[in-house]
Amino acid sequence: MLSNKNKKDITIATIGSHSALQILKGAKDEGFKTLVVCVKGREKPYKSFNVADEIIIIDSYKDFFKVEKELLEKNCVIIPHASFIEYVGIDNVKDLKIPYFGNKNILCWESNRDKQREWLKDAGIRIPKIFDNPKDIDRPVIVKFHGAAGGKGYFLAKNEEDFKKKISFHPESKQYVIQEYIIGVPMYAHYFYSPLTNEIEIMSFDIRYESNVDSLGRISARDQMALPGVDPSYVVVGNVPVVVRESLLPEMFDMGEKVVEHSKKISPPGLFGPFCLEGVLTPEMHFYVFEISARIVAGTNPYINGSPYTALKYDVPMSTGRRIAREIKNAIEQGKLDLLLE
Amino acid sequence: MLSNKNKKDITIATIGSHSALQILKGAKDEGFKTLVVCVKGREKPYKSFNVADEIIIIDSYKDFFKVEKELLEKNCVIIPHASFIEYVGIDNVKDLKIPYFGNKNILCWESNRDKQREWLKDAGIRIPKIFDNPKDIDRPVIVKFHGAAGGKGYFLAKNEEDFKKKISFHPESKQYVIQEYIIGVPMYAHYFYSPLTNEIEIMSFDIRYESNVDSLGRISARDQMALPGVDPSYVVVGNVPVVVRESLLPEMFDMGEKVVEHSKKISPPGLFGPFCLEGVLTPEMHFYVFEISARIVAGTNPYINGSPYTALKYDVPMSTGRRIAREIKNAIEQGKLDLLLE
Amino acid sequence: MLSNKNKKDITIATIGSHSALQILKGAKDEGFKTLVVCVKGREKPYKSFNVADEIIIIDSYKDFFKVEKELLEKNCVIIPHASFIEYVGIDNVKDLKIPYFGNKNILCWESNRDKQREWLKDAGIRIPKIFDNPKDIDRPVIVKFHGAAGGKGYFLAKNEEDFKKKISFHPESKQYVIQEYIIGVPMYAHYFYSPLTNEIEIMSFDIRYESNVDSLGRISARDQMALPGVDPSYVVVGNVPVVVRESLLPEMFDMGEKVVEHSKKISPPGLFGPFCLEGVLTPEMHFYVFEISARIVAGTNPYINGSPYTALKYDVPMSTGRRIAREIKNAIEQGKLDLLLE
């Protein structure tokens, strides 16, 4: 917990990866001091782009807790991102003593496949059907193995027979989910919910750039059939900016609101700050949500200098990273910082 | 018709959809008051992004004419977009009493497949060949059904025999066009023509993001062959920014000029304001135009804060929406507003 | 060689194509006069976008040397781009009397397939394997014909037998290279190296938009198999903005540094100014480099108004074109212009 005196002299800190450039740049633009914790050899971008007032080097991400005391002394607030959670370890987040921007408890809803599904479903979000029994497969499905890095081995099947044949090639894989395969284009919607104003904002949208699946289409069908091993994997290596059809925005706002409202019931005080709904848009213009990320996503990185949407609302280039810093600044001014930190 | 007094106190208005955010934001940035007409339940984006000084809610788009008198009293100028035309009804546009930015008569050239084709062809634009008789098919063709929402059912054929086999699966569809299938990448060129300066400007380019066709390439050829019903549809759900090879720009300017010049003959005073040439670029770098949109297109939405091209020419972030408002402002200053409004 | 007096009154010049808009706009923004040499009929973009203080029209690119004296008298510095090199002729570049931004000698390393490969390999960059003998083919390969415009005829092969069958369809083509086919997504990394600060900067990234290969995925596998002649070509007709996964940036910086450091050995004083590493990112997140461009690439054109990366470092919209002009301005201020010009 920060003392009142310290609340006016915060340093915004994070781990150097994922969306740290944006978080740190945004914090500087809002007037905060900034600090980044980097593993040795990975500090170059933070130096070159000059976004960190201080860089702390550690030998391995496991050493994060070794520098926590130093961060506490420096009056840091941690902005978590997916790599932060991964490196620190999801089970260790609750033990962090350093003030943390966000609702720690929401992590257990987000990190568990079934609980996340329950959250989305009960919030009234359209999600793909899950088949518990292969006998029930009545439409194209995608079979996803748990823990498969980058979606390696994921396969499509059209019916029970097809599923059985293909699953037999994976005798070692016992844990998988059979999910309705929705044919549509990927779309990632970036939100920000402010507990200070109780308002949902749409920040931007992106399309993930995934290796190798986004290059498959560049290989002719003939060559794909002829070559061995041209199977899709889904490793995110970049992000492409996109805007959504304007007539879809009311539904997009609605979904963001539903997800936040339901989170208040299942994990008070609920989800706040940046989050992302990750799905596909079908030709019927239905948005099926596959996943929710309860924090800043790397898909906001194309918008370090603001997005077409934030340009509508703000008179400065407003990235999601900067929006976080502004929320903290607003909270300090209103004496409500405790609402944002755990 | 606006009185001289009223010409100085215009409110820019449109229907809340398509590119209204950009139109309204641009108008505010140029100093106009703004008003948006929304169907109940679809006003959220216009509130959240704070682009409208006033929001009028109607129960259904059919009720637009019920509020026309109110808009007239408020000294509104309507900026049409594709959804405006669709909702008001193309046949009703000529009956609008409210001042309308654009040439209403050009709509009958744009909305009729054959007349549009005649316009483009006579202007000297490269367009795909149409086969009136299946016997003449001598290259790959795409068969497009009239009124097929999102291009549902469109199919490719390589010759007469192939065509006959495939058309037999569509016994109910009598109305179709057999069009040369040009293999190349889609490209949408956004223009603005000012009758005040007689100058064509290139505003930006985009690639439509279409469901499901832009996800087909992410399904391996093997899986596409195996799954039932993986057929392309072409529903636009978003737009991706792109720039064109610089050596193509002279031809792009030239095409814009030809289209405008010919429009002066067929529909005086001709096309003005924003328009879009929609086509594909072949490996020989020929631009085949499939369609012209005679007004602002949603493809300009990625550039709400300006495009790489408008950044060259303007010292403020110039969207197409803002360019419209600036044209109106310039016309007012020059006492030439009547040139722009019908 | 510029006199000391003239060093303060430089005009930035280039040929009107490729990335000239950006180069000229950037030069104007840094306070320089600008001049563009255009072939007759291709001057429109430079007029319309108002980036050139002067436009010199020539009948053909071969006439460039006819106007060189005029450019010398006007105290011009030439900024080369790929089209400039192509039009002037790579063998003629060394004979240019007009001050040239860049290291002319590096051209002979860049323009020769084998020397470029040696440069990249010896710099420690990951490059695809080359098979000198078809017998050695032990993985998928792509066979590239020398001088094939737009990659026409390039084919994939999975083994020696497959190669032999497919090469037999090209009896006229004796010159080709058999290159390991890396399955991954294309990525183009744009750098700037300053000999004034000895610092590598990452400016931006792009994805080339290539006709027709980037539309193949929009044709269903079934149709691709059925249609004749649906073979990929790789003609760049545009560029799409992208950001790279942040955790890849340290490696990206590292590669840029290695390439520059090694260039100092093979072609003193080495590569400087803008350059680009062109490659693919695999699902293992390895970046395989296919090619290096030793100057500004058209992939920077989406960022005429700055990129997400330059927004981090600069407080003005910093394009690569503007970065070149700023380097020249900095050199003039430091009395080190001779470092940059040949």
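As written, the chains take the letters A, B and C, and residue 1 is the first residue of each chain.
Note that in this section a residue touches a chain if its C-beta (ideal position, glycine included) is under 8 Å from a C-beta of that chain, and two chains touch if they have at least 3 such contacts.
Here the structure is a predicted model, which is why all the values come from computation and not from measurement.
Because subunit A and subunit C carry the same sequence, their contact can be compared by residue number, and under half of the numbers here are used by both. Between the two copies, subunit B and subunit C, the Cα superposition rotates by 120°, quoted to the nearest 5. For this pair, subunit A with subunit C, the centres built from the Cα atoms lie 34 Å apart.
In subunit A, the residues that touch at least two other chains are 214, 216-218, 221-222, 224-225, 230, 240-241.
Chain contact summary for the complex, subunit C toward subunit A: residues 140, 155-156, 158, 162, 181, 183-187, 199-202, 205, 207, 213-214, 216-218, 221, 224-225, 230-232, 240-250, 253-254, 280-285, 306, 308-309, 311-313.
Within the complex, the subunit C residues that touch subunit B are 17-21, 25, 41-45, 48-51, 83, 150, 152, 209-212, 214-230, 233, 235-241, 298, 301-305, 317.
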